[in-house]
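This report refers to the structure that appears directly beneath it.
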Amino acid sequence: MALAKHSTFRRSAGLVSLLLTALVALLTFLSASPASADEANMDEPFRVSGNVQNKGEPLEDVLITVTGPGGYEVEVETDAEGKWRVGVPEEEEYEVTLDESTLPDGVAVVEGSNVRTVEVGPAGRVSTNFFIGVGERNVTSFFDQFVERLATGLNFGLMLALASIGASLVFGTTRLSNFAHAEMVTFGAVMAYFLSVAIALPIYLAIPLAVLLSGVFGLAMDAGLWRPLRRKGLGTVQLMIVSIGLSLALRYIFQFFIGGGTVQLPGSNSPQIPLFGAVSLSVIDIVSMAISIVVIAAFAFWLLRTRIGKATRAISDNPSLAAASGIDVDRVVRIVWIIAAGLAGLAGVLYAYYRPGIKWDMGAQILLLVFAAITLGGLGTAFGALVGSLIVGTLVEISSLWIPADLKYVGALVLLILILLFRPQGILGRRERIG
Amino acid sequence: MDWGQILSNTASSLIGPATIAYALAAIGLSVHFGYAGLINMGIAGFMAIGAYGYAISALTFGLPWWAGFLVGIGASIVFALILGIPTLRLRGDYLAIVTIAAAEVLRLLFLTGEFDDVTGSADGLSGYHASFRAANPIPDGTYGFGPWTYNANGWWVRILGIAIVAIVALIVWSLMRSPWGRVLKGIREDEDAVRALGKNVFAYKLQALMLGGVFGALGGIVYALPSAVNPGVYVTSLTFFVYTALLLGGAATIFGPILGSVIFWVLQTFLSNVLPALATSGILPVTSTQASTLRFVLVGVILMLIVIFSPQGILGNKKELTFVK
Amino acid sequence: MSSDVTPNAPRPKSTGLHSGPIQPGVAKVDPIIVADGIKRTFGGLTAVDVDHLEVPRHAITALIGPNGAGKTTLFNLLTGFDKPDAGTWSFDGQSLSGKPAYRVARMGQVRTFQLTKALGLLTVLENMKLGAKEQTGEKFWLSLFPGFWRRQEAAIEEKARELLVKFKLDAKEADFAASLSGGQRKLLEMARALMTDPTLVMLDEPMAGVNPALTQSLLDKILDLKDEGMTVLFVEHDMAMVRHIADWVVVMAEGRIVAEGPPADVMQNPAVIDAYLGAHQELDLGVVTGRHTADEVE
């Protein structure tokens, strides 16, 4: 480790740069290894490199993102000489983006835009230089930022709702705090990737099929694992720990197949649609929100109006009474598992576009937010989970206006803790009678 | 395939610092989960507190190594109090979710760039060994035989670690055969019944949380002693791995957590050596990266199988299933 | 355990417990519990609304009432397991308001539960020893050194064994409590409660789920408590049992106390019959509960 040589705690500027670089690399979930972040992916055969200078002075710690075909994406930060270098896999066109928010205050890219397209030619390497000068950076007004965050937050919240509703239904009907729900989310995304990239189905077929496969996966888990365990009479804590084991196993099975990095679904770089001011949403965001709303509405209809939906709510209220009144609990629970897994799979696909990218532990990253949403809304109530998700989603996004982006989940987790402490029945739940 | 190397690495992990660290954390969890019935899913947070407490006291405050130990222990007690006072009245699985969230909040605070000067954010901390190594009574050199050949510092870490495990196990043994332990086990079975007999259940739970938390922090310190503090270690998976070790050995036993940790790491080391070797030599039709992933799949599967078929663990009494209802 | 059902000679009932005309909330000559204005609501539902209640000392008082009358809730409130919205109550002249359950128990007011709480994975003897009060070995630091508590532990063990013999559980002392039958668990729970040397024993449905063969034995144990100078307050559905052992009966319905008095009087009270039976007014209370009265057995 580089730090080992420094026994005093005074850090040189180089060290700070190293740390920041590493931090950014980690936060973007793109690289498992935080080391040597002014260079990245150097084991790839081709090179894109560059230089960032302010009137001849090198600028350090400027974030550069390089994206390319096949979902390739990598981030680096400039070193003390303003230089950066990344390895890329193919002789192709790459897009180089300089993140202006990482520039010192009061300066901006003066020549050309902060987004460049470069082509790796037969020489195998290409470089592009950014020249920085005093200029008005396009600073977004607070209101615009707020609206944009709110929109992103709603999108995130709706996606979270798809995951939470299912987990909440499962909890309501079986009292299982299912840690493996995270992997049901990842499963949907991985299946969509598999169908659209490996089998090369068009994405509008791949996504519904992935959701369908997720439902089948849910059915398989209930039939193969959870129903036998319910029969065996395992307690809720035992079941919870079994779900943790399942979560670990599935997570690493995903890693086995897709590796430790991030892979992209087709169409993840969709154009931005300006709405007003500086606010814009991508086509994907808008489609994603529309899908979520339609699916949630359909789900609500199912839960409120159909016989099975009503039976589901009856079981959540009082399982033994429901069983006594002739409801086939096993059958309803089976359907709940299919629906929960299908919704989670869809959430996974949408989350893959939201992040963007598919990673083996992507579900685990939002699992606690799902738990927070369920708890917030009142355990075991599907509509509570919906409301909870929207609150958690917008809270996470809007709070990052004030707190550092790498702490944005902290707000939601603290909220989860506070809710469990002071209002464990959730904001919509009823206080239960004790004794 | 170099079987000699594989077996040597495996044998060495018997007394590896990671094994010792897991054993300490698992003993801490046995106090929480096995004896008191507290589903603490935040043991990784306690370990992080120990590790960071130790490293930060040396790096930021220049304290000697033993003071670092005390800081780590003190910080874990404070964390247990902050966590326990409001949460210990919660029902079992709620407590699990609160503790896992609290440990995650803690990890994000150690990871964020905001406190980079102190925590080293994503890079973690290193270079805090001077005081600890200066206190090493073993003269420089290499000692031991076969796979257990280490230099003076390697032995210093291991001997101190094993001594701590022994002391901690002795403490747990003394406590659990005493009336104090009886109250704790009563609370695990039914806290209302114990309350009705005039015992201050909350105080006992808090004491148990602090005690187990201190052991967890000691585990974190031992983990940090030989090399560095890396924030990527203290994730929720660490908690799950320690649970696996604990349940494997037996949650409500004295030696179960130690045995479980040894088995866990011996198996992990063996598989992490043998699987990639099998892959490169073409016996397994996968890449070596894929092969090393398989051992974590196995951890998950083992955890499921123990909980379903043998929740008392290897050393536990078959009749004495230790699961909270 | 055939000897258990051998009828004992009826023991005399305590009388003259109240002062003034019998009515709900009547003052007692020597009350051990005095409760005022206790109210507990769940959501919009009033579970308990008691204006005034006194429980007589050195007597067996039964708390009866139909399902949902608030008996268990009142029990929980009196023992600190639940907090009322309003009200004050005292035990032996000391205020109990806001006292946590464990402090209530330490003052000598011990309770059992409707759903028996035997500590399944502790042995029967460990269950008993857990009941003893003020154990040095239960303090964290002192527990580490057996020298501080070994003698006390031996004394506690002796006392526990004596009680186990009395409750005919001595043969089971090394078994896990989980292996006991339902009735034996009730006995164990009661014996364990006695380890705390209580002055007031509160039993929540001591007969629920007990094998009829053990019923008489349990009844005798409850009567013994009074003979040993303790006060008993118990919740029960079984009218026969109430008539058999209670000196005083308090009747609750819909959270309120609708009647109280000696058992024979209370059973004649139209308010009680009304609260209890609804449409089945013509039936005798003992028959309704589905169990023959103890008197008939004799």
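Letters are used for the chains, namely A, B and C, taken in the order the chains are written, and counting of residues starts over at 1 for each.
Definition applied: a residue touches a chain if its C-beta (ideal position, glycine included) is under 8 Å from a C-beta of that chain, and two chains touch if they have at least 3 such contacts.
A quick note: this is a predicted structure, and the numbers were derived from the prediction, not measured.
**Q** Quick check for the class: compute each chain's Cα centroid; which one is farthest from the centroid of chain C?
**A** So the farthest one, by centre of C-alpha atoms, is A.
**Q** For the chain pairs A-B and B-C, which is connected through the larger number of C-beta pairs in contact?
**A** When A-B is set beside B-C, the one with more contacts is A-B.
**Q** Roughly how far is chain A from chain C, centre to centre by C-alpha average, rounded to an integer in Å?
**A** The mean C-alpha positions of chain A and chain C differ by 56 Å.
**Q** I'd like the Å distance between the centres of chain B and chain C, where a centre is the mean of that chain's Cα atoms.
**A** Centre separation, chain B to chain C: 45 Å.
**Q** Please tell me the distance, in whole Å, between the geometric centres of chain A and chain B computed from their C-alpha atoms.
**A** Roughly 29 Å, centre to centre.
**Q** So which bits of chain C are touching at least two other chains?
**A** Residues 81 of chain C touch two or more partner chains.
**Q** Which residues, counting only chain B, touch chain A once they are in their complex?
**A** So the residues of chain B touching chain A come out as 39, 59-60, 86-87, 90-94, 96-98, 100-102, 104-105, 108-109, 111-114, 116-117, 120-123, 125-127, 130, 228, 236-237, 240, 243-244, 247, 286, 289-290, 293-294, 296-305, 307-308, 311, 323-325.
**Q** Touching chain B in the complex: which residues of chain C?
**A** Chain C residues touching chain B: 79, 81, 100-103, 105-106, 110-113, 117-122, 126-127, 129-131, 133, 135-140, 143-146, 149, 153, 176, 178, 189, 192-193, 195-196.
**Q** Can you check the complex and tell me which residues of chain A touch chain B?
**A** 1-7, 9, 11, 16, 18-20, 22-23, 25-27, 34, 177, 229, 232, 234-238, 240-242, 244-253, 255-256, 259-260, 364, 368, 371-372, 375, 404, 406-407, 409-410, 413-414, 416-417, 420-421, 424
**Q** So in the complex, the part of chain B that touches chain C is made up of which residues?
**A** Touching chain C: residues 171, 174-175, 178-183, 185-186, 188-190, 192-201, 207, 319-322 of chain B.
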